[in-house]
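Right after this note come the structures.
In the two complexes below, subunit A is the common chain; its partner is subunit B in one and subunit C in the other.
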Partner chain A sequence: MSLVQQLARTAATMAKGHLVTLRELFRKPMTIHYPDEPVPHPVGFRSIPVLKVNEESGKLNCTACGLCARSCPPAIIFVESFIGEDGRRKQWPAKFDLDLSRCMVCNLCVEACPFDALEMSEDAELSAYTIEDLYFTMDELAALWKTSRSVRIAGGQKV
Partner chain B sequence: MQPEWMAPWLWTLILAVVKTIVVIAFVSLNAAVLIWLERKVSGHMQNRVGPLRVGGPAGILQSVADIIKLLAKEDFVPQRGDRWIWWLAPSVAFAPAFLVFWVLPFGPHLVVEDFNVGLIFITAVTSFTLLSIFMAGWGSNDKYSLIGAMRAGAQLFSYEIPMAMALVAVALATGTLNLTAIVEKQRHMWLIVPQILAFLVFYISSVAELNRTPFDLAEAESELVAGYHTEYSGIRWSMFFFAEYTNLLTSSALAAILFLGGWHGPWLPGWAWLLIKTYLLVFVGMWIRWTLPRVRIDQLMDLGWKFLLPVSLVNIAATGLYLVVVR
Partner chain C sequence: MKGVGAVAEHPKLQGVYSPEEAAQAAREGTVEPLTINLGPQHPSTHGVLRVITTLDGETVLKADPDIGYLHRNWEKIVESWHYPQIVPFSDRNDYLSAIFNEWLVCRAVEEAMGIELTERAQVLRTVFAELNRLVSHQMWFGTYAMDIGAFTPFLYALRDREWAYDLFEKATGARQLYAYFRIGGLRNDVSDAWVQELRDYLDYFEREAYPAYMDLLYNNEIFRVRSEGVGVVPKEVAIAYGASGPMLRASGVRHDIRRVERYGVYDRCDFDIPVGKNGDNLDRATVRMKEMIESIKIIRQCLDMLPEGEVFSPKTPRVIKVPEGDWYVRVESPRGEIGLWLVSTGGLQPYRMKWRAPSFVNLQLLNYMTRGEKIADLIASLGTIDIILGEVDR
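After this line comes the complex of A and B, so read on.
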């Protein structure tokens, strides 16, 4: 390749490269300003399990059977059934606590639940300054279900 | 302007101090703005937004926040380094960047010192950058710093020569070494038209002298950590940074003065035209930096010795021939 050809090729490729960067300079940036702008989650994105509430009766679907607690790999679901005045176990929970600091978001508790009482929430903005703040009680989980969109892995809409 | 009661030496001293303060203020402000601009340009060229949060809608005060951060940083001193040389290097880096400003004419009478040998002064003073880089590399007692400084030495030495040759062609074409007179000669035609080769050689060499990509071998991050300023932190490191951006401005201003007609231009005042041309060239420098990849050291040497030097020599010969034959 002669020197002139080489020079011409160098100039051409350099001009090409500079035009690319100049075009990108005036293109809209791809940045999403996250805390100010919402980031759309992909379909199936899931956060922690939350407790479903029956919208007619206003009570939890949960019967405190404890299958979710048994299926939980890190064992972070703590369920106790309500004990009535007659000393018998009732069909609703007295305690349903979840330790989010150790939750691995595996969805196994939702799959184990025979009463459709659990659902994975889509709300991932749950960060806190202390580990104690990541310990959710029954009422907090029910409240979270009301405020956040839920995910169903198998499809279908939230009712 | 001088009052009657004042001794001449006192008046000279006061004038010198005031001029120095004005130049330092301009240089510092300019460096802060250029750092912000570089980050903005690089961000947008990579489809990012660059600094955004500090000060106003475009993050224009980002550099101010950075300066505060750098002032508050720990001043690390390498234990086995050559302490005095290490301490002096940032100041020596800043001095030439700042000295060149004294001869740059911003208008027919807007110049700090109107030297008759301005062109020679500039080539002499800019070479001091090499000294500071080598002082930093040697004083750090660090392999990365020393390798970076040695590369910088080879590179700056190689590109000083084509740059000086390009300036010789300018001096030949205009018949003077005084920068004000050179700009005055370009009233009817900018020097870039007859001296396009000299301009290209000068601009490529000045990018190489500035140690900017594609010629940033002296501080190649991927192989040398940060080159000669690896061991520097805080305010000393920021002095190198300031010197680098001041050098970018001075070399762009010099290119605008020598080749793009300096302060000549319609409607606007002269200094405004010079600043517009200068910052346009600064932008071109950033554009080049964020487009081209780094060259290899042998390619760098080849470009300097085997291409730019012959081209600038041919250009000198052609200019001389033209002057002999036509005039």
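After this line comes the complex of A and C, so read on.
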């Protein structure tokens, strides 16, 4: 191929490429100005496991069985059952902490829970300045459940 | 200069330096090899890769990849984890095509335990894998264009990737690290509306995005001249280095795990395996561009044959216990053959899991490909290897 031919081909293909970008000029821009404009999440978006509150009794569904803690790959869920005055274990947690800084958001804890006590929240705006702020306690997780949309997706339902 | 003589014996440097020339140049001091670090914090190294380059002017004498900056000790950590827990962690290996990692771990355990998947799960797994291959190749297209100095295609690639990621988000709940496959099937099913949207996306991609990619970059004369004959890997060398995936196929070897092994529903799908001829950058680009179309073909066929039913095998035991023995399974990922060697002594945890990362193997070829070429072509060649540092370092 001679130099002239090559130059001609370069010019032609460049023009074709510019046509593509020119077409874009007449289209709606797809940019979303995120912090100002909200970005909707689909149902089932995973952000943080939160504790479900029973709407009738106002208490947590959690029975502190510890299955979620055992299923957690990085072992970041810390559960302790409530010990009553009689010295016996009660069916509710005294402590349910979650270290979000190490969470893989894999949904395994939600799937492991047999009491429908854990759900995945879609509240993704949880960033903090220190790692300590990403350590969520029981009450914080219950409060997150109340303020955000949470679902439990496990066991093959259609999404 | 020390080392120049050895470098000159390399076949690709014939004509650049003969051994006599190199020796003479070293004596006279006219050649001054300069060692320069490329990376680890360099945008064109696709992550945290450090390439120790020895240059003479602009000519690369030696390119030595230094890896390990993203090492997470995957193989050792999973030895203390239960099998279902390994699946989401394997996502982090090849983070641009996470589905393939999950599929590999699930396949290894399913094969070891003899779990039969339901038909719908098999088809959906293939759909998700091919969609992920499409997305991964789009990302490669964008970054490769950036590597050779074209910025616009990158924005187009990311724009089209967004819709695909929305589809993933709807089905799996995450955009990149899906944690979607489970040993014995899938975590959840997809609705008919999702299937319809996927069809819309494929139509959009094939009709609008793909021709735009071709016009923007692939058919461009500058791109072709820039890529042709650069970073040549002959057939024998590619085989000798153990390259796989588009890297191997671009050199003219028709080898694809989707055809070699029986998994998913690939044996029922009609698709081609694109191969190149010369093994240069242009061939690797061609193979990947054609693979996008093949992926779309496979997804369409899978959606047509998608049966109703469960996505989770009802025969899966609640406790995953793998019998004693060892298995090697492999999956064709966008980057090549990912292999998993699973050694079990019986019980809940693996004794050993060896991860064969295709990027890790393909990256070795960088030194061979770039010797005697210009430093700008080193970046381009690195782009066509399509490395993922999460997988290289594991």
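Assorted remarks:
As a convention for this text, the second predicted complex is superposed on the first by the 122 of 159 C-alpha atoms of A that agree within 3 Å, B and C clash if a C-alpha of one lies under 4 Å from a C-alpha of the other, contacts with A are read in each partner's own complex, and residues count from 1 in each chain.
By our rule, contacts are C-beta pairs under 8 Å (C-beta built on N, C-alpha and C of every residue); 3 or more make two chains touch, one makes a residue touch a chain.
Remember, predicted model here, so these are calculated numbers, not experimental data.
Of the two partner chains, neither subunit B nor subunit C is touched by A:Val39.
Using the contact criterion defined above for the overlaid structures, shared-chain residue A:Val4 touches neither subunit B nor subunit C, since it reaches no partner. Which of subunit B and subunit C touches more residues of subunit A is settled by the count: it is C.
In the overlay built on the shared chain, the residue A:Pro73 is in contact with subunit C alone; subunit B does not reach it. By the touch criterion stated above, A:Gly17 is placed in contact with subunit B and with subunit C alike. Contacts of A:Val105 after superposition on the shared chain: subunit C is touched, whereas subunit B is not.
In the superposed model, A:Leu25 makes contact with subunit B only, not with subunit C. Residues 14, 17, 20-21, 30 of subunit A touch subunit B in one complex and subunit C in the other.
Within the complex, the subunit A residues that touch subunit C are 6, 9-10, 12-14, 16-17, 19-21, 30, 41-42, 44-46, 71-73, 104-108, 111, 120, 153-159.
On the subunit C side of its complex with subunit A, the touching residues are 81, 84-89, 152, 156, 159, 162, 166, 169-171, 173-174, 177, 179, 185-191, 194, 212, 215-217, 219-222, 225, 310-312. For subunit A in complex with subunit B, the residues that touch the partner chain are 14, 17-18, 20-22, 24-27, 29-31, 33. Subunit B contributes residues 41, 43-49, 52, 287-288, 290-292 to its touches with subunit A in the complex.
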